[in-house]
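Several structures are given next for inspection.
Both complexes below contain chain A, partnered by chain B and then by chain C.
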Partner chain A sequence: MKPLNPLVLTVSVPPHKHYGSSVRGLMTAILMAMVPAAAMAVNTFGVDALRVMALSAGVAVLTEAACNRLMDRSQSVGDLHALTVGLAFAFLLPASAPWWLVAFGSAASIGVGKMMFGPLGGSPFCAPLVGWAICRVSWPGQMDLDASMLTMNLTYPLGQLKAFGWTSVQIQDTKSLLFGRQLGGLGAVQVAGVLIGGLYLVIKHHVSSIIPVGFLAGVATAAWLLHLINPVVYPPAMFHLLTGSVMFGAFFLATDGPSSPNRQIPMLLFGLLAGVMTIVIRVWGAYPDGVPFAILLANLFTPVLERIRPRPFGAR
Partner chain B sequence: MTMQATPSLDLAELTLRRHCPLVTCGQSVLRGERLATASAPGAGDIHTPIAGVVTHVDAYRIRVEARGHDEVEPVDLAALSGKALYDKLLELGVDLPPADAVDTLIVNGVDAEQGVLTRASLLASTPEPLEHGLKTIHALYKPRLTTLAVLKGASIPDYDIQLTEIDHNYPAGLDPLVALAVTGIEAPDHTEVIGLETVYHLGRVMRTGLPVLETPVTVDGKLAIVPVGMPVSRVLGEAGIVPAEGDRIVLGGFLRGEAAALPTQGVDRSAVAVTLVRNPAPVAEDVACVGCGECVRRCPARLDPSMITSYAEFGLYDKAAQAHVEVCFECGLCGFFCLAHRPMLQYIRLAKSELARARSREEVAL
Partner chain C sequence: MSRLWKEFSKGLWTELPPFRLVLGLCPTLAVTKTADNGLGMGLAVVFVLALSNLMISLLRKIIPAKVRIACFIVVAASLVVAVELLMQAYAYPLYQQLGIFVPLIVVNCIILGRAEAFASKNGPLLSMADGAGMGLGFTMSLTFLGGLRELLGSGAIFGVHVAWEGFQPLGLMVEAPGAFISLGVLLALMVFVQNLQRKRRGLALVEAPGHDCKSCGCCGKADNA
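For the complex of A and B:
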């Protein structure tokens, strides 16, 4: 038989076209969404904020590259996830954080929060929060936002709330809180910038709106109920929404894919749980800002929430 | 729309799915002679569209090189009915599901996937064999209800049959969702969905008395009636499309279709389209699930494709079965939206075929 056609075809499994999304694309979108808050952070805290963000992002990428090398895995820093984790970790730190704390926490976020569990998708926790939790417990002094920022003329509203009560909080007006005239995680408290970025992610469908809505609803409802019971002791819901890492947690941390549920109802419950836990920790817990631990706790509930699932098509 | 005359072939390659070859190399065959018999219920046999000599037989294909023009004698089908007719039709290459206890018979006239317009064009342009096919199918299955599923707002000739309108959005045109639209029940009992191309095959067989020798496909946005077994590169060539090195030739739609292994691979009866994909880079990559949950939220069967495919990836097929992999009707949306570009549908099909093999092993053991 004569060779009819010496042509060699590519053989591949379906689909033969793709929607166009990718991990790198999503991470690029998240990084872009963090730019407004990062710019506001530099504006508020000066070059110190830039120092912390650059160091944290750099160390995260280097740690992932080194882990891949040591674990004999294919290099994955190109998907920009490590860069995103590094920047997110920096957003939670005080601008005064010493270099070793930034470097250690960023490396821990990637090493313990991600690489230990395999490639992207394996970790049961939101990676930057793992690094944050390790640092917060190990070096409470350096991580304490109030004490570390004595040089700034801003105050830490959540610290004042925890230590002296609602009546002693100096910054209460919405506008100041919204535009980052408060102490806190250097990027996380740039509420207006975080909100712009978060809304961009949601509107462009890079992240589902369910978890942010659930989270913010959880915070608002719990705070509103307490405020209703005793408005002298408990601040109004808006104060809680605009302080600490609530906005950043709602849009950037709680929405982390692997550590949050996948279906609509579990996602909503996950968001509500994290939101309510935030207020519970702020009111009755030891930490002024409950967001990081609230999300880590909600992460632990993910497998349980995942069990809420609909009946498959046609199954009886 | 062009309905090209059947081109003469110098080579035909018949794809075997679950068929046993009946011919050997070097054997001369007449046009319409049976080459292979189906070993699965509801699948028709395979016949050569050209007279010639068998030049290649393996488990996956039979090749025939053209020689002469002799044709088999047509079968007189008018005298047959019921089981005898059903068996004869399978033998003549019509893929018909078993004919007992069918209450609702749905003829699916919707091209589920984007870019495929085979069924819509058939409905609009070739009422004659379809009417014949519809009449026969109704007599064969004796259902309480026969309905033709068409796209919402489609204008088609009068087929004297109840119509059910189907939503435009993918995957509404897939058989299980069409059955849901007709009956209001998910996976209803005593309901069969038959593709319009099968009705077309049936109509042609009834009229000519010859086996299924040609099939309708979409090529370059137009309907073409091509011989079964026509090499895919030839099908594209007739439409003026020349494949280049490294291209993909897809039989079927983009989400579910199969890539041809060779340019000579023949069009089979289930291929509703032949499409060239110029990009040589496959979509799928060998990566782990990143846990974004996109597939879970997109799945129209309400499954968890991320878990199912991860089970299949590691050979945990019983776990995949517990996660209801059998419910999946293979729309392919999970792979289309997969952030990590995992070969989702392939993993699902792997799990299903491994489970089916395990079941048949158990049956043998019993």
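For the complex of A and C:
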């Protein structure tokens, strides 16, 4: 009897087909979305903003490369995540930040915020905010957006709100706030640019729209309720939405993958929590802009929120 | 003699209380703003720990098993009161710095832990060696942690300014979060050093806890898994 044709069976594990998305692709999209705000920042704050952004991004990449070398991990700077973290950290700094603060904070963002918890995806906190928090607590003088930027003729609306109350805030009209005529984190206050980038990310489905929507809704609702109670003391919701790093936090920081939940209801709750906390810190807290700490706090709730999940199929 | 040395020296590295046993974290985190405070706190603990181990070991045949914890606490509390009064008399500034954490030595887990695990089962001499070793290890760790935090957080060590001109102290390190972060990093470094040693001896490395079904519990089925 003739033997059958030798049959070649190929066994492979799923996924069998990949539609081509990658970490590098996502990070490229996020970097592209940050370009408008970065350009506006250079336009507003001049070459100082460029200096801070370039230094921060460079140090972040070098730190990640060095950490990978020290920790015997495969080199991962190629996925551009370090570059994104470095740039996002720079976006939160005043343009006048001294070089050592930028370098230290950027290195801390990557070292403490990311590499210490393992490779990409292990971090429980949004990496740029870790560096920001360390710098903000350690060097309040250099991180003070108002005191460190006295040479600019712009004012810091949130600082004025915190120190002197709503009636003495100089910049109140929507248009100035929208086009970055205010002090704050150098990229984060370029609200129009951030909004363009954020909408691009959401429309192209690079980030889910639920977290930004939840975050902005949380900020708006809490601010609106307070404004309803006492319009003389509490500013309207639009002011809160357009000042500080609310927009940047909503689209770029709160949506950070590893540190935010990944189902719809937890995402919404996560966004709402961060948004409401922002207003709580702004109104009753010690810091003028509550966004970074609000998001860090919400990051802590991620594991709890992730427990909200459908029952496994077939479970009783 | 070798047994005595073994019991004494285990507290200095292999069973270093705050970093290996992760005991006594309350003072480790709270009073290590400066190296001075760490050293003072550590010495107070050495005194209490060595003497409480000695006394509990002497009394171990008398103490009824049912009320042993209460008896340990009474012994530790009397010694702590003695330390507190001595400190008030001879080191008042230190006493003011340490504040509530001196009375809190009474409920320090190391004291109770050593009493329960060692002194209530061994003779007085060995128990005292164990207590002194553990206490010295604790002192070493606290002084080291305090020195590290003081150096980074205010550019000084034992109150002597050592940083260069224009040094911007990392204020975070002398705040509460700095204590947690530096303790965590030191714990990680301890495991790193341990793994280096084990690699040299050809032993299996100490691994971090993995992410398996037991550590997650999201689906509520972990008990069955």
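Here, the second predicted complex is superposed on the first by the 303 of 316 C-alpha atoms of A that agree within 3 Å, B and C clash if a C-alpha of one lies under 4 Å from a C-alpha of the other, contacts with A are read in each partner's own complex, and residues count from 1 in each chain.
Note that in this section a contact is a pair of C-beta atoms (placed from the backbone, for glycine too) under 8 Å apart; a residue touches a chain by one contact, two chains touch by 3 or more.
Treat the numbers as computed from the prediction; the structure is a model and nothing was measured.
Peer 1: Look at A:230 in the shared chain and tell me whether it touches chain B only, chain C only, both, or neither; answer first, second, both or neither.
Peer 2: neither
Peer 1: Check the residue A:307 against both partner chains and state whether it touches chain B (first), chain C (second), both, or neither.
Peer 2: Only chain C is touched by A:307; chain B is not.
Peer 1: Which partner does A:151 contact after superposing on A: first (chain B), second (chain C), both, neither?
Peer 2: neither
Peer 1: Which holds for A:134: it touches chain B only (first), chain C only (second), both, or neither?
Peer 2: It touches chain C, and chain B stays clear.
Peer 1: Name the chain, either chain B or chain C, that contacts more residues of chain A.
Peer 2: After superposing on chain A, more of chain A is contacted by B.
Peer 1: Examine A:315 and indicate which partner it touches, taking first as chain B and second as chain C; both and neither are also allowed.
Peer 2: In the superposition, A:315 contacts both chain B and chain C.
Peer 1: Using the superposition on chain A described above, determine whether A:112 touches chain B (first), chain C (second), both, or neither.
Peer 2: second
Peer 1: Intersection of chain A residues contacting chain B with those contacting chain C?
Peer 2: After superposing on chain A, chain A residues 309, 312, 315 contact both chain B and chain C.
Peer 1: Which part of chain A faces chain C closely enough to touch in the complex?
Peer 2: So the residues of chain A in touch with chain C come to 100-101, 112, 116, 134, 137-140, 142, 306-307, 309, 312, 315.
Peer 1: Considering only the defined contacts, which chain C positions touch chain A in the complex?
Peer 2: 168-173, 175, 177, 181, 188, 218-219, 221
Peer 1: Which part of chain B faces chain A closely enough to touch in the complex?
Peer 2: Residues 11, 55-56, 63, 65, 176, 186-187, 231, 233, 243-250, 252, 254-264, 275, 277, 280, 282-284, 287-294, 296-297, 300-304, 306, 324, 327, 329, 332, 335-341, 343, 345-346.
Peer 1: Going by the contact rule set out above, which residues of chain A touch chain B in the complex?
Peer 2: It is residues 1, 4-5, 7-19, 21-23, 26, 118-122, 208, 257-264, 309-315 of chain A that touch chain B.
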